[in-house]
Amino acid sequence: MKIGILTGGGDCPGLNAVIRGVVKTAVQQYKIDVVGIIDGYYGLVNNKIRGLTLEDVSGIMPRGGTILGTTNICDPFHYFAIINGKKVYGDVSDKVVENIKNNGIDVMIAIGGDGTLAIAYEFFKKGVPVVGIPKTIDNDLFATDVTFGFDTAILTATEAIDKIHTTAESHHRAMIVEVMGRNAGWIALHSGIAGGAHIILIPEIPFDYDAVIKKIYERKENGKHFSIIVVAEGAKPKGGDVVVKRIVEDGAEPRRLGGIGNRVGDEIEKMTGIETRVTTLGHIQRGGSPSPFDRILATRFGAEAVTLIAKNEYGKMVSLRTPEIVSIPLEEAIGNQRLVPLDSGYIKAARLIGISFGDK
Amino acid sequence: MKIGILTGGGDCPGLNAVIRGVVKTAVQQYKIDVVGIIDGYYGLVNNKIRGLTLEDVSGIMPRGGTILGTTNICDPFHYFAIINGKKVYGDVSDKVVENIKNNGIDVMIAIGGDGTLAIAYEFFKKGVPVVGIPKTIDNDLFATDVTFGFDTAILTATEAIDKIHTTAESHHRAMIVEVMGRNAGWIALHSGIAGGAHIILIPEIPFDYDAVIKKIYERKENGKHFSIIVVAEGAKPKGGDVVVKRIVEDGAEPRRLGGIGNRVGDEIEKMTGIETRVTTLGHIQRGGSPSPFDRILATRFGAEAVTLIAKNEYGKMVSLRTPEIVSIPLEEAIGNQRLVPLDSGYIKAARLIGISFGDK
Amino acid sequence: MKIGILTGGGDCPGLNAVIRGVVKTAVQQYKIDVVGIIDGYYGLVNNKIRGLTLEDVSGIMPRGGTILGTTNICDPFHYFAIINGKKVYGDVSDKVVENIKNNGIDVMIAIGGDGTLAIAYEFFKKGVPVVGIPKTIDNDLFATDVTFGFDTAILTATEAIDKIHTTAESHHRAMIVEVMGRNAGWIALHSGIAGGAHIILIPEIPFDYDAVIKKIYERKENGKHFSIIVVAEGAKPKGGDVVVKRIVEDGAEPRRLGGIGNRVGDEIEKMTGIETRVTTLGHIQRGGSPSPFDRILATRFGAEAVTLIAKNEYGKMVSLRTPEIVSIPLEEAIGNQRLVPLDSGYIKAARLIGISFGDK
Amino acid sequence: MKIGILTGGGDCPGLNAVIRGVVKTAVQQYKIDVVGIIDGYYGLVNNKIRGLTLEDVSGIMPRGGTILGTTNICDPFHYFAIINGKKVYGDVSDKVVENIKNNGIDVMIAIGGDGTLAIAYEFFKKGVPVVGIPKTIDNDLFATDVTFGFDTAILTATEAIDKIHTTAESHHRAMIVEVMGRNAGWIALHSGIAGGAHIILIPEIPFDYDAVIKKIYERKENGKHFSIIVVAEGAKPKGGDVVVKRIVEDGAEPRRLGGIGNRVGDEIEKMTGIETRVTTLGHIQRGGSPSPFDRILATRFGAEAVTLIAKNEYGKMVSLRTPEIVSIPLEEAIGNQRLVPLDSGYIKAARLIGISFGDK
């Protein structure tokens, strides 16, 4: 028997721990071979495959990234690429099924977010035995309590906020830290509470600049001449974001406009005259050695995925129902987002200790 | 209204975050005053009390330790100390109740482990309104999914194991790392999996030196000339530990005999000739800036404890039932230990990836 | 005798360690009192002064920031502020000298960069006994081998580059990391070598986009589909930087235009089609617990400054001439920048291992 | 041309960075091949040799340990081992010279401490072109300002002391931290100052228990009920250490007696009744990802060693004369230890801020 494994979508600490967990369990416990697909689905289309032995996964758990590589956007059902010199558009999923067969792969393990898992489910419907392993640094996958990578991202973001804290205090500034979270504010919420933020802005709670500034002034009146504001990249002011259109002299549109963090900084400075500084954490949140929590969860996901295979259970995804790892049908898992519930205990506690969400 | 708060027992990252959570919630939300008891119950007996304002708790969340101080062993119901120059033995609990009253304290919040909470419950039975907040770095409290401090201890232990990993590999050694866990092996289990240990010895699973050595030789045969062995301080070989009695030349009994880690190291070296090195992590596991997880959990515990008080619910302990903070009667909470269940998903996954628990 | 101490200019890890070193040495060794000036020269103008006891400096060494506060721009010789409701422009240095006298301060210790020290020297010429302690996170002060804060900034930047490394590799991207260094490229040079960068762009070596891209392609040909590019904020392309003028729809000029890092990212993407990502580290480089090196250097600076005072040596600055702390006249110290010499051993070694500076 | 490279002696962060620096410089700049000797001189005796390509050294800089392996004690001039089933005692250096020749190795780079470099010098005298790279975590090599690994060890030790600090304070204890340093107290001195220790005991300054206790009581009188004592493993009380002879019940002599840290803890507790706790950092000081400083220094050492080879300069060792890398004859480099000078600026500053060295 032979398992093929691929990692899809954005980088996430813990991917290597999953791969190691899969290989160790498959090879040692069940005498199943494992091969790795290079660069996600792209490698399945293009037959980029490598063996994965115990030696290959030795020592990889503490490393960020994925030894298999990944591509953010590659959907074999809607493919656009250059194969053997020819542009190929459209559906190459049959080619993928053929490649899987020709490489002697009996089962596929797909590690990825909603997109990667949805594609995996399509292949399952086409007859490929598939097991999914959920991955999202934003923690916004519906069907699992939490995914690996999130805890590490929180560590990284909190460390950064800790560093900014002392500067804010020494300089009497409003410091804005923009963290990841396009649709869900989990990272901002957790790192904001842990980092001692005074204001947290998340996509789930549209904010009001007046409320933000009220909180800053309230602190000032209590002798606190600085504020820490953690902003999820997807946070939005009530009534929608200002449309910012910038024109560079040479006519080109710059692709990297400042995000919401910069706009919040500008707005506060404009409205209050208080000096602001904005830090956009960006990609450092996706890197680094995975935290112990993430290493353990990723290892358990990997081991459990192989166990499902050993029991011939396909079309499923492993999932954390604290503290157990369970499996659920891929069908149920995909297409649903896990946003921060407004009655979340985290939000409740944050409000109790005086954190403002900019909504009142 | 006035809340008194004390921290009891061993040090644990997150205590300051709890204190901050309590003060912020009490003062800002409920206009309740808070005073801190110095050095746990000892301070209640001896009237060592300080005010706790918002300013006092500003910036303390990231710091290890407790700004209130603590004592490991001080039970007012079985007291032994010197008060005002006189040795006092026996029950000084009435004195404590009096002190509480005289200081205008209406409710006590006791943060501590099983011992501290049991004493709190005794005071509750004597009529003192009490709310408990569980604390144990070993994670062995029955009545909560997890307590703060544990995640930070795992971080510290895993970092140490990571560091030892490369040396083990470069030198072809068996490296033994002894971690905390007198009765429960949670820290060894988690940091062992996260640190890539090959053998994990915990109190819940008595081990066999032959099984330990079998695993080391098995690795050798696969070309791996080093092994990482994580040992909980309470791990025991089958049939009980060798009684080690050491005599120092001057007749005094040295108080700090090597723990089980050293004995495992000695035994392996004696039985195999393989070079071993032992590292006992000791007190660094109790220190350091709390991890984001611990800061958040501690903050929620603190905020929730005050909420209970605002609702006049006493004799209870806050507790994590993931992801909610609930409250349970102190009576139910104390006296039960949470050991690692032998069918735990963590142990199952560890075995699947080839980790030996020295039992077969 | 009484010492007054102030911290001026941008935040820098180690300021608290200096303050602690000064107070411990003054109070314990020489029985000299110390007072702290709040918010740099601003506090001297406005009589914002606090006592500094041994208790006040207890435990502050590991903390970033400065317990005294600081202001970036406040020059009493060219003052602009509102004092007692009246706008004050111009020279308030006499007022400062008077305040120093009225507060019983015999000597001033000024901790700061070139600007802060130049002002200190002006006060010295006006008769105030002054000792300077150099501070610059960029390490661009001429008169000392190195200053505290720099080592910590390198640690922070290198950790960030490490995190970005794995993502770059997994995704086959060119990752740009912009670090501090307006005039001098020390941080980029050191963190670039330490972080395994392939291209380092510093102000001292104007770069050529063609050379940058040549290096990226060279790596591609050797099978390395990713590159790490560390850019000092003051790096400039040969022939000068493109003037970027952006217009926001509502007419306001956004104050936070992307820096050189973003422009390098845009340019590479435009010229090669390779996906790029830009991370601007920003203020996290100024924060955080100082590294052991910085704590020690800062402590030695503080202790040595007091020793100078005990010997009545004024108008001087402490300085590191590895491994000794010496003192030099303030006059010699100010106004000279320490740029990276083009024949530096660091640049030589970097080129030897294949790092490109974008110049050929 | 072909370079052979070996790492000898104890583990040290930065070894991989040296190897990477050598390979990158040799292969890219000078088109010289490099092979790695496995497990130090043992591999030279036994012909354990591997190729080292650019790919082999890709990504190894941030990792602790050495990809080549090492052995602590293997001197081909006084060899004791089993070769091809036969016990071999005595001088196998001719065999090594032969192996070097047969493997087509033209020059050897030996990375190691005094022992490894002394052996390298012997081979140089036997006609093998040799370049040495100094390595010692204790920083006690005479002929270089500092070696890689030391800065990382200081980081690790200081982090541990930071963690212990808060616990000491919360519990009113004397906490003893034993760090590496058999003959030289550099690690204790630096990590002690950086960690805010109150007492530092180093081999260069024999200590007096009465002086140690005097300091602890002095702190107590000033309201500080805890003390941090950093002890180098080679520290000794005046008049010599108590001979500790322990007998285990079964008659065997335990090999791991408590070190000086434990004895200091016992003595303080016996003499004062103050609760003490001892932490022996041990091997974690040798592991971990090298600090930026160590990565850079190691890289420069590697690049410079190859440059010497390119200039046909042999029998030399690279050395840091801050900030330059120079070369000195191996003959001068070996056999001299660099102890902490009693008039060191570090000791002077430490005394100024009130640190006791237990000598008065």
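A, B, C and D label the chains in the order they appear, each numbered from 1.
Definition applied: a residue touches a chain if its C-beta (ideal position, glycine included) is under 8 Å from a C-beta of that chain, and two chains touch if they have at least 3 such contacts.
Fair warning: this is a prediction, and the values are worked out from it, not measured in the lab.
> Find out how few touching-chain steps suffice to connect chain A with chain D.
The least step count works out to 2.
> Where the centres are mean C-alpha positions, what is the separation of chain B from chain D, in Å?
The mean C-alpha positions of chain B and chain D differ by 34 Å.
> I'd like the Å distance between the centres of chain B and chain C, where a centre is the mean of that chain's Cα atoms.
Their C-alpha centroids are separated by 41 Å.
> Chain C: which residues touch two or more other chains?
Expected reply: 162, 165, 169.
> Which chains are in touch, pair by pair?
Every pair of chains in contact is listed here: A-B, A-C, B-D, C-D.
> Using the touch definition from the top, list the residues of chain B that touch chain D in their complex.
So the residues of chain B touching chain D come out as 7, 11, 15, 39, 63-66, 69-72, 156, 159-160, 162-167, 169-172, 175, 242-250, 252, 254-256, 258, 262, 265-266, 269, 277-284, 286-288.
> Once bound in the complex, which stretches of chain C touch chain D?
Per the stated touch rule, the residues are 20-21, 24-25, 28-29, 54-55, 58-59, 61-62, 145, 151, 154-155, 158, 162, 165, 169, 190-191, 193-196, 222-224, 289, 291-293, 295-296, 299-300, 302-304, 306-307, 322-325, 344-346, 348-349, 352-354.
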